[in-house]
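In the two complexes that follow, chain A is the common piece, with chain B as its partner first and chain C second.
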Partner chain A sequence: MTTPHQWRISESNAKLIGYRCPKCSWVSFPEKKRACKRCGSAPVEMMGFVMKPFGKIVSFVVQHRLPEGFETPLPLAIIEFEEGARAAGHIIDCKLEELHVGFEVEAEYRIMYEENGLTMYSYKFKPRRSH
Partner chain B sequence: MTQSLHKRVTIVGGGMIKFGELYEKSLEDMIEEAYLNALSRVDKGIDPKDIQAAWYGTVYPEMGNSGLGLSHATGLFDIPVTRIENACATGSDTFRNACMAVAAGVYDVALVVGAEKMHDDPGGLIQRADLKRLWMGRGVTMPAFFGLHGTAYMHKYGVTREQVALVSVKNHHNGSLYPYAHLRFECSVEDVVKAAYVSYPLGLYDCCPVTDGAAVLIITNPKIANRYTDTPVYVLGSGLATDSDLRGGDLTSFPATQFAAKQAFEMAGLKSSEIDVAEIHDCFSITELVSYEDLGFAKPGHGPELLEEGIVSLDGKMPVNPSGGLLAKGHPLGATGVAQLVELYEQLRGEAGAVQVKNPEIALQHNIGIGRYATGSVGCVHILGR
Partner chain C sequence: MSHIAGIGVYVPRYRIEASEINSAWARPGGRGRKAVAEFDEDALTMGIQAAHHALTHAGVAGNKLDSISFASVSSGYAEYSLAAQSTQVLGALVSANVADFGLSTRAVTSALQAGLDGVHSKRISHALVIASDKLIAQPGSSFEPNYAAGAGALILAQRGFAKIEGTAAATSGFVGLSRREGAFHGLIDERFVMQHGFLEAAQAAVMRLQDSVKISEWNHAVLQAPDERWASRLLKNLKIAPEKLRSGTAQIGYAGCATFVIHLALAFESAKAGEQILAVSYGPGGCDAVAIKVIERPKFSPSIKDILASGELIKYPHYLRISKLLRGEP
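The block that comes next holds the complex of A and B.
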């Protein structure tokens, strides 16, 4: 059975849609907002747009201690998409030595975890090999 | 017309318990002990009936998240008890809220309690690694939140793990001398950088322990402080702000601290160069280093110099974390900010024993919180003076 939480995030998990603040150009992701987290303008009418799956690492850690259900060492990063939106995400298909601030990555749709018998999918980030 | 907190509140008593893995003590036991310590240490004594209102800071759920836990532990019923939660800055915000009520003239005498029973939660904070938050940090633990700032800071300024480790070395030295500290051992730079990674770039000794503890302050209107002591400590400034990593910035600072510090310094009419001693939030080594810069003690990227030149050592020009900080004393969330203030109250009155700093007049307290469901922080700063 789909839980309310699963239902609520189902669209934002599957699509890379950002919402730009008309006052300061900050991009809200993945939620459409009527109050801007960056400049505080409210109400604002944020326009949705499809983002490209490309961004770079603002910073990262390599997780060595996590609860059951995670494989370690797990690289985690804060990513800034080309359009300016920020997200936290797992880094995959990458040697730990390759990781660095500014590293270019590409979002890819992958299995995240199982919940109530449902497989939850969303994006992870792999090194950007092509331009 | 807004009114400042400046010199409108005095601290007249403070007490805490020895922090640690206190399996034999309940949350109520810990609060009771800290409360009795605080009462007994009021110079001229205090009758519990003088306390007109109380504020209770704790993060972990208990008693339906009400103020009743404080009443049960202290026997203070029939008066207002307000429970405050603001992540790891809970204790500081609890104090701040109590101060505002006293400064407003609503109460003359108020009690501030901060407490946390962390060892009753078998899963611990790591189980709250935000498992279902896909875009905002699935798998992000507390060490990771701060490790993200560590990686960015070290990258931008070319700072090494050895330089960051100097924070742990200093604070563990201080903690070895502080009777209330959870961890009382010394460690070397080599110990810190060779320890197992928790969340790269942070290893075990870059992280504070999991700790139980409680701390209590008694505050009054300055006009009646002399009923309780001839040497009260004044609140000179106070500030609090929030920020989120999602708003932008390069993660080499904590803007919430910068805004909280600006508020507190403006209220106090002081500059960072006028601080004699500070308790700075060091949940992780990197947090203290970055906070030197956010609080104006060093220019961006120059934090390590304060450690290398001994300025922040116990015998330095501006000792930071004489209590051993969170790294050695421990970080029982709701108790942390209150315990920092208890220690600075003792420092300003010359009662800090083995970690007493030479004749301090102005002290700064700084406490950061990380919201569980938001990639960001709460910063809280207080400035105290004799």
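The block that comes next holds the complex of A and C.
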């Protein structure tokens, strides 16, 4: 069953919906915020829009020691979408040597984990190949 | 009649050669390779990729879809709507029709037929048909070198680059395969099934199709069936030249429902305007046959041939691990 928190962010997660601050254009993802993290405006009515599945690596770490159930080494990165929103995500379909700050990636829907027999999905990021 | 306005293919990144699998089991030889899904890919994730490609190919936005069908024999669930899950991710409206087709690889043509009926009756303007399978054969079985993963998707509409000229079915009720949930894919008494389960039904369906559609000549043939040898038998019996078969089985293996759409994309890529494609889909109990006329050869970027030919080769232990077939004590 979908949990309430998963449900709140599932739509923006599934469709890559970002929320733009009308005052300073900062983009929040995946949650719609009532206060802007950049300009501090509050309360603020952020506008939802569908982001493109493209972005760049801002920073990354490669995880080598993880609990059972994870593939290692597992690169985890902060991604900045073209629209400016930032998100943390797994990097997939990629050789470790290829990774660098500024590396262009695209979002792809993948399995995240399994919980109570239900598979949970979200976006991971792979090297950008389409345009 | 309904048209195909877009077609998309998704093949996972990894490939394993049949000879690599055979050598692990101390068997000689082996021809071709197959596509292998990553540990975090399943019928849903691959299907969504193919659907995105099909929408882009058709130049149609997700919110223009009135109908989303999902055909798969490997969802792994007894209850769970892959079509409903896809709807949100593809940005379709909440009012879109959703339907799941399964229990037989013929589900791909059942989903196609339903979409065609909807478009033909003008109840639906854009129908998306997704076909996706991740087939996991028992390690060491004769199916292992061929049973693969992949996805394809079609956009059906009033206009498009190809026209569906007709469909025909033949259901004999011959039981070729039954598989319990969670069991490995591929349990079949091949020779007996090919003759009675496949060939007789396929020929009957094609005969019926030829009676209803005026066909001067089939220029391309496409078959969704678990064994490539079945295709050569069928073409021989139908007196269609073997070089008219469009198949990617040697590059990516057999991926159930998805194979129908992937092979169809190959046929479109090599077709000329005005040519006729015969597309046959097998499932235990019978066959569906579809006649498709190419109005204009669609462009693909990257080409379907390149998608099938690309990929990264892996070794057998890697394959077992990402297919979740290696289990050890923690």
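Simple rule for what comes next: the second predicted complex is superposed on the first by the 121 of 131 C-alpha atoms of A that agree within 3 Å, B and C clash if a C-alpha of one lies under 4 Å from a C-alpha of the other, contacts with A are read in each partner's own complex, and residues count from 1 in each chain.
In this text, a contact is a pair of C-beta atoms (placed from the backbone, for glycine too) under 8 Å apart; a residue touches a chain by one contact, two chains touch by 3 or more.
Not measured: the values here are computed from a predicted model.
Once the two complexes are overlaid on the shared chain, A:Pro30 sits against chain B while remaining clear of chain C.
Comparing chain B with chain C, the partner in contact with more residues of chain A is B. Of the two partner chains, chain C is the only one that A:Glu71 touches; chain B does not reach it. After overlaying the two complexes on the shared chain, residue contacts for A:Ala14 are found with chain C alone; chain B is out of touch. In the superposition on chain A, contact is made by A:Val50 with chain C only, not with chain B. Residue contacts after overlaying the shared chain place A:Glu114 against neither chain B nor chain C.
In the superposition on chain A, no contact is made by A:Glu98 with either chain B or chain C.
Judged by the touch definition given at the top, the superposed model places A:Arg38 against chain B, while chain C stays out of reach. Residue contacts after overlaying the shared chain place A:Phe60 against chain B, while chain C stays out of touching range. Overlap of the chain B and chain C contact sets on chain A: residues 112.
Those residues of chain A that touch chain C in the shared complex are 10-11, 14-15, 50, 68, 71, 92-93, 108-112, 118-119, 121, 124.
Taken in their complex, chain C has these residues touching chain A: 13, 38-42, 44-45, 48-49, 80, 85, 88-89, 91, 322, 330.
On the side of chain A, the complex with chain B involves touching residues 5, 9, 12-13, 26, 29-30, 37-38, 58-67, 69-70, 73-74, 76, 78, 86-90, 100-101, 112-113, 115, 120, 122-123. Listed in rising order, the residues of chain B touching chain A in the complex are 123, 126-127, 129, 131-132, 134-141, 143-144, 147-152, 155-156, 196-202, 244-248, 250-251, 375.
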